[in-house]
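In the two assemblies presented below, chain A is common to both, partnered first by chain B and then by chain C.
Presenting the complex of A and B:
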């Protein structure tokens, strides 16, 4: 299991399009992805779940990846947060 | 199963202001001395009546709870001389109470209200009687402080039974929920189900404020069930009574064949029946989900089909009957 904290860097926060990018990326891997914000934990492969977090710029999320391909999955997911979801 | 691994949360405190905002409509609360102390924290779901503390006995005074002052306290105060009254109140206001609620439309002198405001203790008034407001508030606080967990699944009311559909993402929970809605059942929440434990053994599931009755259907995107199917297709909350876990058919897996032994899953320490349902093409999961609900209802009303069948079988074995026709001779049935 890999656990890591990421910060939302883009101005508009984790809105619909970034959420879609995130779940699409997560769906490519077999591993389970869990995202948590302020104790609220959701499945990272569910777009409804990801949007429920309503994560704004500057907020911190804990991501947890668990499964056979967790290394690659975690790297890919952290990368899209760092790329600001290709928005800016 | 997956449901058990999820992360449990519990509110540690709410503010007096939050209590007021959330309940003033329902409980008819009125602010009597402004908003000073609205950020006081309530950490306990119990209530307290400060009668003895007013009379001067402050040992064991649970001042950190919401204080309810009813007829008893107010009449006691009114029976005192003005100087004693002020002293009793000043004594009480020494304690950092989160807020005080005056019931039965009782009022207290303006100078006492201001003294409380100066100590950052908000006072609310209500027309409700003490027993009633205590009941309402205890229920509200119990709800606020009860443990919660977010479950990844769909919660649907099928024939009045709250069925939680769980399983890995992409297995088709939302599609089955949609199919159930089409057949007249009601969606509570899809994908993100907030489950709260009420009292000791009741689980209540609801959606989140933001999502309400939106759902995602792969290939279509987001749809709004309420605007698409109307009010009959939704409900805001429902007791969670059964969990159905969907999984791909695995030939070597041991699925129940008689239903004599039922699996259980524990959510927030409450055990509910769990049905593990293998899915494969051509299997109508919707109908099976309906049957699961009906079977649950039958059991609830005292009829357990597998047990009845087992009993019947034992009877037949005991009689050592011969023949295998359902009815040996049915008169004049030539159709």
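Presenting the complex of A and C:
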């Protein structure tokens, strides 16, 4: 299991388009992705779940990846946060 | 026993005329259909059937939404259609659907009960958020839940909508308007909304008569009731008498004949018999309105509201996204000109990053907000400049209150040009720049302001509201929102004269420009350009073609000598009646006014 803290860098936070990109990226891997914020956990492969995370710019999320391809999956997911979801 | 047959009295509802036309027919009361969910227990052998019902409902919902999405894309453009994409994505959420299916088997309950329970969990989290954006997403989630449940229960939302009806609803969402427009809709009547609401704009482009802002229509009108809707006067009549129907039918006929005659003048320039040329152009916000503008005989676009690109958006569009839209508009209207007004967010127009303000109309809006965000402003200016290459494009800044803002905005235009030079991208180096005069301070300073720009355009909606200190969205003070208040007329006169002294042309793009009652007056005051909603364009042109500027000047002088809004109106109305009897213009609806 890989656990890592990421910061939302893009200005509008985790709104619909970034949420969709995150879910699509997670779906490419077998590993399970869990996102946690303020003690609230959701499945990172569920768009409706990610949509409930009111994660605005500057807020921190804990991502947890678990499964056979967890290393690649975690790297891919951290990368899209760092790329600000290709928004800016 | 009560008699089966009772004569129901005629009830007249006053609203705001949103799209012209007259319709009579059966009302169809449309409310956000909320299906009732009952929790039912099932036995294990029923689980498979229940899951199958869920899957069928999901795939049917997906088809419905894809159709709406495609239709919206074609009607509104892909930018605005994106609001339906989030809902489609939720339908294919495997985690959500998987857990619903699992729970049906584990808890032995009917599919719709589990769907409601599971989706409501997410909705509650969204509604608990302080973020306004999350509340909007909660509506999307609610819509999708109701759609799935309705499909599980096999109800067809619009099945009762057969034949021709007048839709009566609290408000119409873009999705509703889009779906309805494929049916035989005679008209729309809504409790809420103004002339600039989305439903109003759509109904005008679909040429369906509409009255909005009726407040109590959904409480008084039931499905099947006979109603008459007058989209010219902004009136809906419940249980119209024979007499009312006859009056309305005659009015419809009169307008129809008039409108047919107007077709002949579409190709003519708007010029008075004594050769004062008025640039008569249109206000639009979507590029697909251009075709209609052309048909109406528009000499260009006098106001393109770029904020339309922000509808349902979480961020400002990129330079490329904007360029695509501006290019389409500039190409579509060429060789005529288009005036792009830079983003005017704030006030009652919400942008992607609008903050809550105590006093939004006096706050961070228009040019103020853009000057504070140079990156955003430059991206918009570059995209407009790129669209100007080889076309007739002008730039206009909203909400200017002092000369310094103009100088700073013009410096930004120059910087945007430099950046394009560096990239080697073409643009029109002589692009004309103007401002909207809508703040009283700018009106007072009109001469100095005119010295800095190529044109002025009077924005009457805000000018009137600021000059008279009246919130135009506050119903309690509607009676003191007076476009013909002598203070407004004197201010307009002052702006036009100041502009002309400095050798720049002065136009008008507020609602007043499209009010036929104001046309003679404005021509008399020397206005050079009128930018109006496309539907009224031929009527305004007809008035311009019918009156000499010399005579219009006298009318303006007389109007300016009167002390009240009402007296000015009465006088202008008498001018219309005496001099332009062929124009089927109505001061106010005479329907339902007691004798």
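For the reader, a short list of remarks on this structure follows.
Everything that follows uses one rule, which is that the second predicted complex is superposed on the first by the 88 of 88 C-alpha atoms of A that agree within 3 Å, B and C clash if a C-alpha of one lies under 4 Å from a C-alpha of the other, contacts with A are read in each partner's own complex, and residues count from 1 in each chain.
By our rule, a residue touches a chain if its C-beta (ideal position, glycine included) is under 8 Å from a C-beta of that chain, and two chains touch if they have at least 3 such contacts.
Computed from a predicted structure; not experimentally measured.
By the touch criterion defined above, A:41 lies against chain B but remains apart from chain C after alignment on the C-alpha atoms of chain A.
Of the two partner chains placed around the shared chain by superposition, chain C is the only one that A:11 touches, whereas chain B remains out of contact. Between chain B and chain C, C touches the greater number of residues of chain A. Within the superposed three-chain model, A:56 lies in touch with chain C and out of touch with chain B [touch as defined at top].
Judged by the document's definition of touching, chain A residues 40, 43, 45-49, 51-52, 54 lie at the interface with chain B and also at the interface with chain C. Within the complex formed with chain A, the residues of chain C that make contact are 85-86, 89-90, 93-96, 119, 122, 125-126, 129, 131, 133-134, 137, 141, 314-315, 352-353. Contact residues on chain B toward chain A in their complex (touch as defined above): 6-7, 9, 150, 152, 169-170, 190-192, 208, 210-211, 214-216, 222. Across the complex, chain B is touched by residues 27, 36, 39-43, 45-49, 51-52, 54 of chain A. Chain A makes touch with chain C in their complex at residues 11-12, 15-17, 20, 23, 40, 43, 45-49, 51-52, 54, 56, 87.
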